[in-house]
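In what comes next, chain A is part of two complexes: it sits with chain B in the first one and with chain C in the second one.
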Partner chain A sequence: MKIILHVWRQKGRDAEGKLVRYECPNVSEHMSFLEMLDVLNEDLTARGEDPVAFEHDCREGICGCCGFVINGVAHGPMPGTTVCQLHMRHFKDGDELYLEPWRAMAFPVLKDLMVDRGAFDRIIAAGGYVSVSTGAPPDGNALPVPKSDAERAMDAAQCIGCGACVAACPNASASLFTSAKVSHLGLLPQGQPERHERALGMVRQMAIEGFGACGNIGECEAVCPKRISIENIARMHRDYLCAAFGERPHGETGSAG
Partner chain B sequence: MSVGSAARSAAGARSAETSKLLGFYHSPVGKKAVMAVTGLIGAGFVIGHMLGNLQVFLGPEVMNAYGMKLHETPPLLYGARTVLLIAVALHIIAAVQLTRMNVQARPKGYAKWTPAGSSYASRTMRVSGPLLALFIVYHLLHFTSGVAHPNFRYQDALHKVPAPYENVVAGFANPVVSLVYIVAMILLMLHIHHGAWSLFQSLGLNHPRYTPALRSLARAASYALLIGNCAIPLAVLAGVVK
Partner chain C sequence: MNLDSRIPSGPIEKKWDNCRFDMKLVNPANKRKYTVIVVGTGLAGGSAAATLGELGYNVLCFSHQDSPRRAHSIAAQGGINAAKNYQNDGDSIYRLFYDTVKGGDFRAREANVYRLAQISVNIIDQCVAQGVPFAREYGGMLANRSFGGAQVSRTFYARGQTGQQLLLGAYQALERQIHAGSVKMFPRREMLDLIVIDGVARGIVTRDMVTGRFEATVADAVVLGTGGYGNIFYLSTNARNSNATAIWRAYKRGAAFGNPCFTQIHPTCIPVSGEYQSKLTLMSESLRNDGRIWVPLKKGDTRPSSQIPEAERDYFLERRYPSFGNLVPRDVASRNAKMVCDEGRGVGPSGFGVYLDFADSISRLGAETIRERYGNLFEMYDLITGEDPYTTPMRIYPAVHYTMGGLWVDYRLQSTIPGLFVIGEANFSDHGANRLGASALMQGLADGYFVLPYTIGDYLAQSKPAKADANHAAAREALDGAGALTRKLLGVKGKRSVDSFHKELGKYMWEYCGMARNEKGLEHAQGKIAALREEFWRNVNVTGEGEEINQALERAGRVADYLELGELMCLDAYQRRESCGGHFREEWQTPEGEAQRDDERFSHAAAWLYQGAGKTPERLVEPLAFEYVHPSQRSYK
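So, the complex of A and B:
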């Protein structure tokens, strides 16, 4: 089948970009979306043109590298999937598709459909960890975890950090990503000691990076390839508010020690 | 240490304490919490306000007695007005700050954007909010102070107690005025439709057992406000209330 693409082309971070029209005449319905772009890129290379830059790695929908906006929906029209797992059988012959990079101040475009998601790394560095001593692995079930907590923590831990939530949000808010990270550690006993500092640090970093605020409209969970729920955002708000109101200055307690 | 520097460091400690007291507000999550609490006050008020106003269907005596009762209990009237004024002011300040932040967060928009899971009401809060703020100003000038009302009456001219029944009937007899009110009530319906459940989410309250019920409740409240409030101008125009 034939697919017409309007692809965002931008040479570099500070370059002006524009949509360029390409025709893909021989698209197989069995191809993934990225395979279609691979074929396009081979044609472009053969013609001596610059291939379309897009990020990808595992192509199994689990690494979080790939992703761009297809006709205004992050990761395209199929819910619960990344673009690498989106197949051309979901499109019709003659479809015209607009491909644009994630648009956010905090995600500068590096080239074409590729953005710099370093802001996510800095949010994780601001609290998305647990400080435990390394060494021999602890005995299994030495720390009891209620089953529902473990399941909800695992649901949140499915976040692959692709950035679709930011792309879909009209405010370019990183609340779904950050809240997934806050929840997957905050629900487990290992995450308790740093639970409040984590919420404070990550929420503050989110604002420093230039992401917007959550309006609870739910676009993020609709496009999330891992179907992370906005219930996590409420949990992040809860942790943040408890932490912000209950924060004690260092040295106020602990004189016994 | 000199007296001056001791005073300075005490002042420094005080300002550090104040900044901690309001420190929650520095982040967007804190601002959203302010939006939520002030929004809850507003949502509670509009429902009570509608129930009070529906007394217009019980006739001039009941309606005007209700207005008189409010004016005879100044702590209630001025207490409520103060709380509402502060709530509306904080709601607007936080909204302006958040909106500025949100606009900056997406400097370049998409050539094509398709909503995948949000409601029309939730996407248009930024439009319904400012228009409702303008409406509130007009509404206060129209029925509370009477400046924007061509024939504003008082039931007790000495103590400046307005006659709500007569003012409502005379005010809504003008179809243009009625239309403004009906459009404003559609905006209020949209704003409450999203806001009345979203505020719980902002405060960190979301649970699979209660959130669907809260969303239904918000929808029901928004439709009730639309129907209840629009019934008044429509009844006046239809001659049912005269």
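So, the complex of A and C:
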């Protein structure tokens, strides 16, 4: 089949970008979306033009590298699917598709469909962990974890950090991403000691990075390739509020002596 | 040069203890004065960088991805082994050690394997403490499953995303150290050379993949955790950007390359569908616990699977290996799948596929149980192929998955260049000629959390290196060399794309240095690769410029290295005149068609030492002694 693409081309961070039209004449239904772009890039190379830059790595939907907006939808039309797993059998001959990078102030465009998602790492660095150093922790079975808790923690922990939630959100909020980590650790006994500080630190960092606030619209959940639930955002807000109003501010220690 | 494996003295269960006691310690107050470079942020590199940071070293961590969380360890599905014996089914450290040495077909170093089995139990404890959401039983205890060829249930897992969860655990530990300031992270940097000053590794040269700037960074020691080189085959289960450049350039600086021909072909991957195919997707071999592998009895039987009656199906693994059945080790399962397809009994449009059928398990256990165990894998299969494995058997075929070869390291994970340490898949150790399922995650984390942090301290305490200078002549030379190579790639301006060279190389490697190898084919392949390399430097077309994001340029540098490494792999396969594990030389097989080792002549690791461009590298030998597990013909009958 033949697919018409309009691809966002932008030379660098500060350059101006524009949509450029390309034709992909021999697209097989078994190709993945990225394989179609591979073929396009081979054609562009043969013509001496600059290939389209896009991020990708594992191509099995788990590394979180890939992602762009297809006709206004992050990762395209199939729910629960990254673009690397999106196959062309879901499109039809003559389809016209507009490909754009994630749009968010906190995700500056680096080139074409590539953006800088370093802000996500800084949110994790602000508390998305259990502070346990390598050494000799207690035996793995010393602390039983109810199966349902482990399952719900795993549901949240599946987040691949691709950034689709930010791209889909009208406020460019990173609430789904941040709350997935707050929930993963907050649901497990290992995460309890730092639960409130974690919520405070990560939510604060999210604001510092320039992500917007959550408006409960739910676009994030709709595009999330791992189907992370917005229930996590509610949990994050709860932890944040408890931490902000109910807990001793960070750094204030017990009585002197 | 002689290879000194530095295996500690004493009985095998005491060797690691003895070694740890013998090692010199760095005074805690002095640790921050030592700078360590860690390249790669997968399970090995990420866990090492985090742990070294916790210990107080000044760590500089480099990754070619945008974030340390992207490393390809993330894609490991099935699980991680540990000799916990939680299931009371007779597992022990000794049994895990025994299984790993045997599974590797007696081509691994016993002392390393024993240490790996010992440490396996600590890894689980560490990861649980980090909050890795392992699967649990209803009572809250950790769940286990049996996996790929093991007759005990020692595999810990987090659905089909164990690698992801373990990597995120290491990544979070790393981010904690980045936050604390003990680790400085350099994302989107590709290592292009190793800086060796006075015979000692002292730094690396990198290219900033956003600005194109070359940078020389010096340190007191360098750690490579840069993964394997399976992508040399073009089609593999590796991530597209996984590459051999870091270890290959270190090889060209004097780090010997161990057993380059030892490649693992994984039996359960989704078959190739067309020329445009960019990678192969693994279906976790945990599926073999409940799936039955079969092909039609008759050649050229094109009926749909549902119309082939039971009596006309050949469950070839169950037939040939009654005691292990569908759970034989990966190399055996792969070779048998190739055999039945070569006989003309393969299934699917290409004829290169076998069925993995869940019908029996679904009728025995119910679809719900199967969904709970493999739901996400079934979904992934459906996404890619458009077929529903609950109703139609999966089609699978072997694909390149892992490289047991890598830079040679001694017991302390140091390469033949002092100060250069190599961990995880990037090194050659522990798995011998074939890796067992759920052992890669175990080795990566053992090296990174629990081995390297000790052994590098001993190196630093003893060598007391003088401060290196980024303006040292050797650093300048490496920096200039990396720039010159890049300009050369951009300057060829030929007619063929980088990918077209890579694809052609991959076909030679798969054909002649893949699941079965022979003398003639390997000779032929070496000639073909040399000719392709010559054409590459004359006719490659790398578009764009050096001072910008240029993905074609990145790939070109990697393919240039593959074009050299491929020849070395063929040479190693040629010289190893025996079959062992994943290295199957057609000339050496038992009457039943199994790999026939030659322990008299080849009970050793081969490590190749670079001698300069155009010269045949020197083949060094590390003899392997088996004092505990007596070498025998592997039998899974």
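Heads up, the rule we're going with is that the second predicted complex is superposed on the first by the 243 of 257 C-alpha atoms of A that agree within 3 Å, B and C clash if a C-alpha of one lies under 4 Å from a C-alpha of the other, contacts with A are read in each partner's own complex, and residues count from 1 in each chain.
Criterion: a contact is a pair of C-beta atoms (placed from the backbone, for glycine too) under 8 Å apart; a residue touches a chain by one contact, two chains touch by 3 or more.
Quantities reported herein were computed from a predicted structural model and do not represent experimental measurements.
K.L.:
A:M1 contacts which: chain B (first), chain C (second), both, neither?
P.N.:
A:M1 contacts neither chain B nor chain C.
K.L.:
First (chain B), second (chain C), both or neither: which does A:V20 touch?
P.N.:
Touch status of A:V20: no partner.
K.L.:
Would you mind checking which one, chain B or chain C, touches more residues on chain A?
P.N.:
The partner with more contacted residues on chain A is C.
K.L.:
Does the superposition put A:N216 against chain B (first), chain C (second), both, or neither?
P.N.:
first
K.L.:
For A:A53, is the partner it touches chain B (first), chain C (second), both, or none of the two (neither)?
P.N.:
After superposing on A, A:A53 lies in contact with chain C but is clear of chain B.
K.L.:
Of all residues in chain B, which touch chain A in the complex?
P.N.:
Of all residues in chain B, those touching chain A are 20, 23-24, 26-33, 98, 101-102, 104-119, 122-123, 125, 194, 198, 200-208, 211.
K.L.:
Considering only the defined contacts, which chain A positions touch chain B in the complex?
P.N.:
6, 8, 19, 69, 71-74, 79, 98, 100, 103-106, 168, 170-173, 203-204, 206-207, 210-219, 221-223, 230-231, 233-241, 244-245, 247, 249
K.L.:
Which stretch or stretches of chain C touch chain A in the complex?
P.N.:
Contacts found on chain C: 47, 50-51, 54, 65-70, 72, 74-75, 84, 86, 122, 124-131, 133-142, 158-159, 161, 164-165, 168, 171-173, 175-176, 178-179, 185, 187, 210, 239-242, 273-274, 276-279, 281-282, 379-380, 383-384, 386, 449-450, 453, 497, 499-500, 541, 543-544, 548-549, 551-552.
K.L.:
Which residues of chain A touch chain C in their complex?
P.N.:
Of all residues in chain A, those touching chain C are 11-12, 28, 30-32, 34-36, 38-39, 42, 44-46, 48-51, 53, 55-65, 78, 80-81, 85, 87, 89, 110-111, 114, 116-118, 120-121, 124-126, 128-141, 143-147, 150-151, 153-154, 157-158, 160-161, 184-185, 188, 190-191.
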